[in-house]
Structure formats: C-alpha cells, structure tokens
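The structure's right below; bear with me while I get my questions together.
Should a chain be cited, it is by its letter among A, B, C, D, E and F, assigned in written order, with residues numbered from 1 in that chain.
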Amino acid sequence: MLMHLSSWPEIDARLKSTKTVVVPIGSNEQHGPTGLLGTDWLCPEIIAHAAEQTDDSLIVAPTFNIGMAQHHLAFAGTISLRPSTFMAAITDWVHSLGRHGFERIYFLNGHGGNIATIEATFSEIYAAPSFQARKSRTIMKLRNWWDLPGVTPLCNRLFPTGHGAHATPSEIAVTQAAYPDRIKTADYSPQIAPNGPIRDALDYRARFPDGRIGSDPAQASPEKGQQIIDLAVPALLRDVQAFTDEALPGT
Amino acid sequence: MLMHLSSWPEIDARLKSTKTVVVPIGSNEQHGPTGLLGTDWLCPEIIAHAAEQTDDSLIVAPTFNIGMAQHHLAFAGTISLRPSTFMAAITDWVHSLGRHGFERIYFLNGHGGNIATIEATFSEIYAAPSFQARKSRTIMKLRNWWDLPGVTPLCNRLFPTGHGAHATPSEIAVTQAAYPDRIKTADYSPQIAPNGPIRDALDYRARFPDGRIGSDPAQASPEKGQQIIDLAVPALLRDVQAFTDEALPGT
Amino acid sequence: MLMHLSSWPEIDARLKSTKTVVVPIGSNEQHGPTGLLGTDWLCPEIIAHAAEQTDDSLIVAPTFNIGMAQHHLAFAGTISLRPSTFMAAITDWVHSLGRHGFERIYFLNGHGGNIATIEATFSEIYAAPSFQARKSRTIMKLRNWWDLPGVTPLCNRLFPTGHGAHATPSEIAVTQAAYPDRIKTADYSPQIAPNGPIRDALDYRARFPDGRIGSDPAQASPEKGQQIIDLAVPALLRDVQAFTDEALPGT
Amino acid sequence: MLMHLSSWPEIDARLKSTKTVVVPIGSNEQHGPTGLLGTDWLCPEIIAHAAEQTDDSLIVAPTFNIGMAQHHLAFAGTISLRPSTFMAAITDWVHSLGRHGFERIYFLNGHGGNIATIEATFSEIYAAPSFQARKSRTIMKLRNWWDLPGVTPLCNRLFPTGHGAHATPSEIAVTQAAYPDRIKTADYSPQIAPNGPIRDALDYRARFPDGRIGSDPAQASPEKGQQIIDLAVPALLRDVQAFTDEALPGT
Amino acid sequence: MLMHLSSWPEIDARLKSTKTVVVPIGSNEQHGPTGLLGTDWLCPEIIAHAAEQTDDSLIVAPTFNIGMAQHHLAFAGTISLRPSTFMAAITDWVHSLGRHGFERIYFLNGHGGNIATIEATFSEIYAAPSFQARKSRTIMKLRNWWDLPGVTPLCNRLFPTGHGAHATPSEIAVTQAAYPDRIKTADYSPQIAPNGPIRDALDYRARFPDGRIGSDPAQASPEKGQQIIDLAVPALLRDVQAFTDEALPGT
Amino acid sequence: MLMHLSSWPEIDARLKSTKTVVVPIGSNEQHGPTGLLGTDWLCPEIIAHAAEQTDDSLIVAPTFNIGMAQHHLAFAGTISLRPSTFMAAITDWVHSLGRHGFERIYFLNGHGGNIATIEATFSEIYAAPSFQARKSRTIMKLRNWWDLPGVTPLCNRLFPTGHGAHATPSEIAVTQAAYPDRIKTADYSPQIAPNGPIRDALDYRARFPDGRIGSDPAQASPEKGQQIIDLAVPALLRDVQAFTDEALPGT
C-alpha cells in the first residue's frame, strides 16, 4: 500500500491490522559523472515499491528525498539539509505518523551520509519521553538497503573490485534497472576513483574531482541492478516483519 | 530536464544557459474519502513533469512532498512539518540550489496551507542579506498551480458548483488523469461538503468529518483532469519564462 | 479597557464576562518621504483605542509594534524581526493571554508584510495540539484594518488614483488624524510611485527609491483619516463581536 | 526626536550628527492591586519621552513593551516572552538599528526581571563578532531608570519604608504623574507586602497573593511621581551623552 | 559524595535522604599572564570538593566547565558557549537531575560572565511550568563562590588594593592552593591592570592587553588561597543546608 | 600540556608549533551496579592525561563531560544533553578552538551513545562553509578510545566472554586503575547482562534492569585497566600525530 496513492480511510482501515510503516529515505546529490542525482532516494524507493508490489500489506510512506549531503554541495544538483534541519523534519514525520497510530517506523535508507543524523534524531525523539519518564509512542529503526541480509555479499560478488563507497556500481545498477532510459556513460579517469576522508564540500571536490569515491560505476548494468533488487525485496519484507514482530518490554 | 534523473555534469552544463529551476512543492495529507493522500504534491509534480516533457529546457527539481498540514493531522496518512521546520527545510533547498548558481527559484505549489509559510520563508531568506546590506543571491517566486493563467477559470467552468476549497474536483481530476488505476469512489454525504474556518486538527475534523471543505469530488474525471493539465502546462512554461526574463534592478 | 492602563484585578474581573482580546499589531518601518515610521502600528492602535473609547467592554492589549519589515531595512528607522523571531514572539503573546483565560485572540494588523508570518504562526501554535490530539486552548484571528467591512471601498472612493500599496494616502491620513502636529510634506517625484515585486532590502530600495509603492500620499488629509477611523471603529466592534459569538464545534 | 513619529529622511538626516539611540524597554505585567499592567514599559517611556521634549536631539525608538515576566503569569494581563524569544527579539532590534548606522544603543529599562536576559543578549550579540575576530558594529548599554544618578536616593527619601521590590510606590507614582486619570486605590493587606525569592508563577502567587513584593503602593502620588521624572530626565540626558562620548579603543 | 565517582545505586539510595545537589559551574578562559585557563571552573570545583571531603552527605555533580566567555575569545585557550547554547545545556542538566528526584539544584559559580545567562536560564526553565499553570519540578539557586558569607570580606582584607575584577589575586590564590606545581610568574605591566567595560573580544583585548581587569595577581599565594578555601567550605555547607531547609509555599 | 592548567600565553606560544588539540569527550551516566557514573568521560580523560604526561607536546583541552545519554535517564545520576543541545555545544567548542588557530581538533570519545551526534555535528559545522563555498577553518576527527589501534584486541583477550556493550569490564578496569579507592563490588544477577536494542529510557530500564548490557564487570581489575591504558597511550600519541601529519588538498 503506497500511502500517497491511498485515501485516508484506506490507511485508517489498514491501521487496524498493522502499526508499521516503511519510509524510504535518501538524498539528492551528485553520483559521479554518470550516476543520477536522485540515486540515493531512488534506490530505497525502488526497493520499497517493489516490495509493496510483492506484498500489498506493506505500507510505504512517501519518499523522504532530501537528506544530509553537505559534502556534495560543490557539485551541481546536490540539495542538502543541514543536520539540524534534517533532524527537525524527521521528527515531524515521526510525530505525524505516530499521531495516526503507527507505532513502528522503519526507515529504509539509501545514503551513508544520512546515518549519523538519523540516529541522532532517533535519540532526540526518544529524549522527550526519557526526560518525562514516559514511554515513547513510537519506536524507529534505520536500515540501509545495502545492509539488508544478503545484499552486500551479492554486491561484492557482482563487483569484486571497484565497488567503492560513493557512486558505487551497485547503486548505479539499481537505478539502471528502474530507469533504463536514463543510463549515462562516461570515460572514467581513473577507472577506479580514489578514497579518502569526507569533510566539507571544497575539500571533497579537491579529493574526488568527479565525485566518485573508490568506485568504478562502469561495471553497473540494469541486469545486475535487477539481481540486487530481486534479492533486496524479500529481505526487506522479512526485515520489516521481524521489526513488527519484535516483542517490547511490558507488552 | 528532471534534476533527479540527471547527472551533475548535465546540470552543470545546463547552468551555463539558464539560472532558473522549478521546485514542485506540496503536502501529503487527507483529501476526503476518495482523494489520494499525495494529491497536493502529485498535482504540481504532474504539471511540472508534463511541462518538462514539452520543453526539456525546463529544469525541475525533486518534489518537495511534505508541507504544512497540521490541520489535517486528525486524518490518517497526513504528514506535516511544523511551520518552523518547513521554513528551515525550504531555506536549505534554496541555499543548496543557490550554491550551484541557480538565481531564480520557482516554487510550483499544490497546497493552500503552504502559502503563508512559504512566503514567510522567502522573507526569512531575504532577511539575511537585508540585515547585512547585501543583495540576495537568489530570488524566489511562489505560484500555486491553480493560479497559473487560465486554470481557475477552466476549473470554474468544469465544476460550476461544488468546487470548494479542499479535496476539490479539479485537484482530484488531475491525479485521476495521471493515476487512472487509483481512482476511488465513495458515497458523499452531504454531496457538497460544508465550509468553515481552518484551525487545529480536532476542530477541523469536527467541522469537516470526512475531510472535504466545500467540495464535491464526485464530479472529477480523468478527462477533466487532462484538460486542466493541458492548459496548465503551457501556462507554466510561459510563467517560468516570464520569471526568467524579469529584469532586476542594477542588472 | 486598555490592558496596559488596567490593573490585574480589573482584567481578572472582566475575564468573567469576556474571553476575547484585541491585539493591535504592526511594524515600525519607512513610509515614504512623509509617512511616520510608526504608521503601521499606529493605525491599528488608533482604531482599536478609538473603538475602546466607544465601547469600554473591548479589551485591547498593548500594541505589538515591531513586525516583519526586512524589505524596508535599507531605509533608516525601520526595525524588523526576522520571521522566525516574529513567530516566537507572537506565540508567547498568545500563550500568555491564553494562560489567563482569553480564548479568542483577535489581531488587528496594520502591515501587509506581517500577514504571511502571522498566519504561519497561527499554524505553528495550532500544530502543538494537533500533534498531541488535543484541542487548542485559544483560537486566533487576523484582520487587517483595511479589510474591516467598508474600509477599502471608502479608501478607494477617497483616493481613486494613487492609493497604491505602501505609504498609501489612507494610512497616512489615519495617522494625520491622530497626530495632526506631525504632518510632513514633500515634493514627490514621481507623484505616483512605481509598482513592483517585494524582495530583499537593496532590491526594494533600487525599485522604490523614496520608499513608496504605487502611492501618492499627498492626497492624505486629517479629515479623510478621520472619515476612515469613523468607519473602521464600528466595523471593528462588530467584527470582534462576531468573532466572540462564533460557535465552535463541540461547545 | 521620537522615531515612530518621524519619517525615514528625518532619521537619515539626524544620523549624520548622532549615532546613539535610546530604546525604552520594559514589561507588561501585574503590579499589585492598583498598579497599571503597563507600569514597567510606561515608566521608561515616560522618562525618555520627557527627555526628548527637553532635548529634541535625543533619538528615542519605539518602546519595547513586552519583556521577561514569566513569574507574573499567574496574574491576569501579564504578557511574557520566554528568555530565548526575548533574546531573539532584542537581537533583531539591535541589528536593525545597527543596519542604519546607529553605533550605540542605550536601553532604558523599567523591569528588574529583564536585566539578566538583556545582559545575556548583549553577550549573544557580541559573541558573533568575537567568534569571527571582528569588531562589533554596535555597542549596547543597559540602564534601569531607577539607577539613573540620583533616582534611587530620591525614591528612598520619598518612601523610606515600604518601597519594596515590585509594585513599588516610586514606579506607581511615575505612572500616576503621567496617567492621573488612571489612578486606582485598594485596601492593602498587609499594608507592606512580604518579601521572598522569585521562581515560577505559581510559587510567586503563593508567596505574594496580591502581586506586590515588599511594597506599600498607597504612598504613591502624582506629585511624587513628577519629582522622580523631573530628576530622571536630566540624569538620562547626561547619561546618554556620556555613553555617546565614551571613547572606544582604536577610535 | 562526588556523583561522577559514585554508582547509580549509591545516588539512588542517597536520594532517599536528600533532594539537593551542588553543581560547580565556571568557564575555561584566559586569566591574565599567569592565571590558569581553568581558574573559573577549578575554583568552585576545589571548594565544592573540599566541602564534600568535610561532609560526605553533600552531593556534588560533575563540574560544568565551559560557560559564557565570548569576551575572552581573543586570548588563546578560551572556550566559550554562546549564551543560547549555554542556556540549552544548563536546561538539560537541570532536567536530567530533576528527572531523578533532585528538587533543589545549587549552582556554585566561578565566573562573573556566567551570571546573567544562568539567571536567564532559570527563567527559561521556570517559564515552561509558568505558561502551563503547574509548579516547577525543581528550584534552582545560583551562588558565586566569592559571595559565600565572609569570602569577599576576607579577600578584601588579604588584597586591599589590586583585587580587581578579572584574574583577581583571590581566584589565582585558590588555584595555587590546589595546584601548587602550576604556579606561574610574570612581570606585570602595569602592576595593577586597568578597568573598563566588557564588550566583544577585540574590544576587550584592546582595553586589557594582557587579559587582567583591575587586578594584581602577583599578590596571590597558596597560603592565602588556602585561607579562602578554609573559609568558603563551611560557608558553602551552611548555604546549601539553608537552601535545602527553605520552606516552599504549599509544602 | 593540559589547557586548563596552562595560561593563555603558554597556549599562544605552543600554537606556533602545533595546530592540533585533543578533546576528551564522554558522558556522565549509569554504568551498572558498580561502575562509576563518570566512567565514560573519565576513561578518555585518563588516557589523554596519561598521554600528555608521556609527551608534553600534546595539548589536551578540558574534558567535555556531559554527552548524549537519554537512554540512561531512568537511572539516578545520569546527566544527558539532548542531541540538539550537544550539537550546539560541540559547535561552540570547535569554533572557540578554531578562533585561536587550532586547525585540527581530535575528539577522544568514551561513549558509544555520543558517536552519531558527534558525527552529525561535524557535518553541521562543515555545512556552513560548504553552503558558502569556502573551506572549513578546522577539521575534526572522532576516535573512540577502544578503537585506538590494538585496544579492542587487548580487551577481547582480557575479557573473552562477558565484555558486552555497556558497563564493560574494560572501561570499568580503566577507571579502577585511575581511582583504585573507588572500586565497588556487587553480586551480579545474571553474571552476564542481557543484550538488546537501545531506545528510550523506560524501555532501556525494562530490558536492562541493573543498567549493564551484555557485560560482566566483575572481571575488571586495576591491573587490567592499567594494561589497557599502557597500550592506549602510545596508540593515541601515534594517532594524533597521524592526524596532525595528514596532508590536506591544496596545502
């Protein structure tokens, strides 16, 4: 069930049987010479929507498409929230969903740069009930799509060298599978991009002139992307089910 | 040119010829018994993407899909930012786009409840240079899609009674044109919803029990929606062009 | 009853019979070559105090004299809050008045630039109970003094040309009626000021060199100002009464 | 020169000869059974306006009429900003005035409860240039009107017992001199109110049931108020002059 | 009982008999040519820990070691919070301690520059219950160590001239008593530092080139420091006891 | 060189030869039945101060002793900042140190719960220059003391079972080595604490009734703690040196 294509009575009815919702979350940021700017929000959206196609009982919220990408701001098309803004926005999403009775909110994340801020936000959200000596209305879980069981091993098999950390062939491949008419090519130089630390945007661009980190996206193909999606979908469904089934203390 | 399906070098190249970007912006909120929760962000997205199909030189950013909908929070599926959060997020979008050289940012809005906060945010953004006695790097424009020249007259012709103010047949129709497999039906009682002021969420639900304000969405059809889209697309293109062409003092 | 010239037991006693309070709200900002910097907070104060003279049962709070005027900051004497500050301050006023039992708070506004931020603030205030599934303690209403029934038609009759949008002859006239010893004159060039969009302060000053927008304040006179006041006072009293009498759902 | 009754060209012209502005600042809060709610903003306004009458070269800004009065919130008519809001608002006033070229901003304060927050705000304002290794554009000074040279000794002579700390006969007297038709009377019990610490609003009301702290306002008279004003006015003018004349390092 | 060297069950047990906790609070900032950067947090820590040695029933929290020192930022080693940050942090400390059942929180302060912000923070903390018409869970008290009964008279006797206001011989002496191996010497020029107002950091450094205000720290000695500590310790214990014993209204 | 026991001229002089500073950072929070509340800030302080004893060229800032520990708030003595407060405070520390010329700031962390917020803060700090297209004045590094090369392998050898994740024998041992007179004992039941997810404070206490996660602190001894310290000290010195020596792009 895609929330944005449903009516409120449909969500209301579904809340009688499930209290879990999946929020695809990512970033709009440069992904090297050929990667789509939307890669990091498209990947979790692609996987979550495919999972919803497989099992309509999965409730999928709209995609949270702008995250924390300050380090990519020296490349055109990157849109970033400051971490403090990102925290406020995630908080409002969680409180909105919790208002309706969703008790377990599962963020399927597509951007490594989001992780710290999302985790900090969870703590900010929990801090309010913790200071007030009451239980939180919602529990939240963060799962990067590449950490779904089996996905990273598959990516490593598909791309034993040049997988890297940004503009990876696996994320490029996932978007190629979903948007085959948007596949772009380029001559990469070097073929495998350098590695290094991530700091501010100018430092990033000086280290990683075309935006990639450690990757060779030329290895991506729609077929490999589909393989990843096909593995990720059932893994996501199982992971969400496990989150839904997790017993909480005192309940 | 859809930003999220482009690469950074493509945006970089396009910035040589245009400094204007269109941001579809809306809300995910109840739209009565049959309207899609995503109606208010889908409508500007549908129109903007159709315009981009017509004229590829239009640069369209990802859709800002969650806005200010606190009054709808008593209906499941509504996700709202607080105005203060919304302001911070819009600010970061503008500063990100301005960072790359976009000088004119056109928000195509789909939600009446967003207007005040978006306008207040423009003032917040302008306030920084105003206090510092420097010019703003970007100028911003807000346009509701129904205020594009000709659109409201057409809607009034199509729906001379029962257009109303929320879950209107015109917005429902636009989404029906784009998502014909998601058309929902219901018995409306009353056929035309009541009118009244908008305050907090419980007050809203007490006044407008099924979520509609003043509207009869049963009049919507995909054909009428397509008529609206077909009128809105060239109107948008002309409006963006006029915004791009507007002379600024001292330039 | 002017709150600031009353004692707390007097307010306490009056709260037994009314729960409505009027807050004059405006801005301190340039009003062209001859307009008073205080024009936008003086006008609602003048009208509200005159109404209180007519009907002592009207409770009038102190005047909120600094609003959102970032665009006027290139002219000396303008004092502006950033929208975010303005929101915080209005919120605290509302919560203070609500703390005492005022349930309906009527803002009589004198500055167009305040409107978006005041409306956004109302949403921010309502958002707290909306997220918490409780009713708001207070309801708020914004009324620009020129939107009181009959006022704008009168202004249009008095000033059929050159009314404009800033430093209008009608607002200048209202202050002339109240402060006849502060009437200033100047040669206006052009007689009727230009029109245009409002953005940051330097842009504003470049477009509107003497501060006026579309207006010819030379037409103002104390007599015309008094006519406006005389019309606005009973209109305000009726409007506040209607707000007081409005039935709320569930009450 | 009262800023709000001046035009921008008048302020602009005056800025050629002086860079100092006086801001009356206070609070709207309970002042015992008979004191005006506006006492704390009226007193500095009365004194500053009287000084401006004496010496027109004094530039007086509009009165900042709502301050930090959380402890009085259990008494009707009190309006308080939270300290954090108060800080933001003072900051925006200072930056607005500094924008025009005012380099020395003198706050004439009427409320003891404001002092800590105003001082903290000065530090917040100075912190920005301090972190950036640049000089502050403005310097600020806080002066309570009762700390003007000679004022407190006079008050002690006029009211040797029962002066107290809140709703003092001296502040009541000042407002009586200015608003003789608003003099109120009551039987005070006890004649001299108790003393004690100031904490939250309910604690305050439990300690000080009628709002007074340590005072016997029955001793106030318009004549005594006028004596205080007559002493305060030249003291203010001298104090502002001394502030204006103070040499700054490196200038 | 030093909180940081205790276990939670120990604190839990102690909360059965006392609800008061002492928080040493200060600043890390320049203290002239010879004073330790930590002087202002070391002094209250030294005194509070010595008091705890004398009377183990005193509960002492960890030292809040960074305060409001923006004016010292032109001297290396100074670390300052902005007042707004300082307020947020103190608030969280108070709410954490209040969460466990501490009802009276005594801040033993070592830095004059902290006073305004700490007092403003107390008001911010009290404002929440004041707006909500409930009692505060905690009461807070601020005591500068030099304001403990008897301390300033002793300091004046020990240093009749050249005590000054910053890098005073008394605070230097206290740290010398506790850290005798860290005593530093310098030629002071002038022997007694100048006086003046405190504003931003560059202004401060221009006025007070070596960082001292009005003081001659050469007079400090470990022996004099020990005298001060020996007087302050019992004064602190009595002061905390009086705070603990203070009757609150309605209890 | 311990910053708080140095004078500003000493820091100033040292800044000529090094631009790196180490900040021990941790948390004050429950550590099971026997662990010190200060464990998480004492451990990095112990290691950093020991390193400074070994090599005086290491500049060590005061210890940042309160971090993000909302999940421990159901246990007495825990003091936590909300993540948003923590971010503001770290930001001010970094900007203070950067103001003096420290270009590389190394946080030696003692609390796992701090990691996400510290990383998010780094991004917040970098975001400002990234949005402004300038380079960051400082670079920051986070290192948990147990991630210093060799430390975790040693801990695993010392405590092959029952190391766990909170109130671990290794951190308890480090504090035992430094504070041997504060060693506490208890009967643990179960001997090895349970594992589970970390959410809000009541959830935490329900899952982990005595506060430990997965650990058996009874295995700790001062001797083992000293072994850990002895390994960590040279590892820290090397790690800081490597950070200092790291080449930055364009320099």
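Things to note:
Methods note: a contact is a pair of C-beta atoms (placed from the backbone, for glycine too) under 8 Å apart; a residue touches a chain by one contact, two chains touch by 3 or more.
Note that the structure is a prediction, hence the values are computed from the model and not measured.
Least step count on the touch graph, chain A to chain E: 1.
Among the remaining chains, those touching chain C and also chain D are B, E. When chain B is laid over chain E using CA atoms, the rotation angle comes to 180 degrees (nearest 5).
Here the CA centre of chain D is 29 Å from the CA centre of chain E.
Averaging C-alpha coordinates per chain places the centre of chain B 47 Å away from that of chain D. Residue positions of chain B with contacts to 2 or more other chains are 73, 80, 82, 84, 96, 99, 131, 133.
Working note: touching chain pairs come out as A-B, A-C, A-E, A-F, B-C, B-D, B-F, C-D, C-E, D-E, D-F, E-F.
Considering their complex, residues 68, 70-71, 73-74, 80, 82-84, 87, 113, 115-117, 119-124, 126-127, 129-131, 133-136, 139, 199-203, 206-207, 248-250 of chain B touch chain C. The part of chain F that touches chain D in the complex is made up of residues 95-96, 99.
Interface of chain E with chain F (complex): residues 3-12, 15, 28, 30-38, 41-42, 61-66, 73, 75-82, 84-85, 88-89, 91-93, 96-97, 99-101, 179, 182, 184, 186, 211.
Chain F makes touch with chain B in their complex at residues 131, 133.
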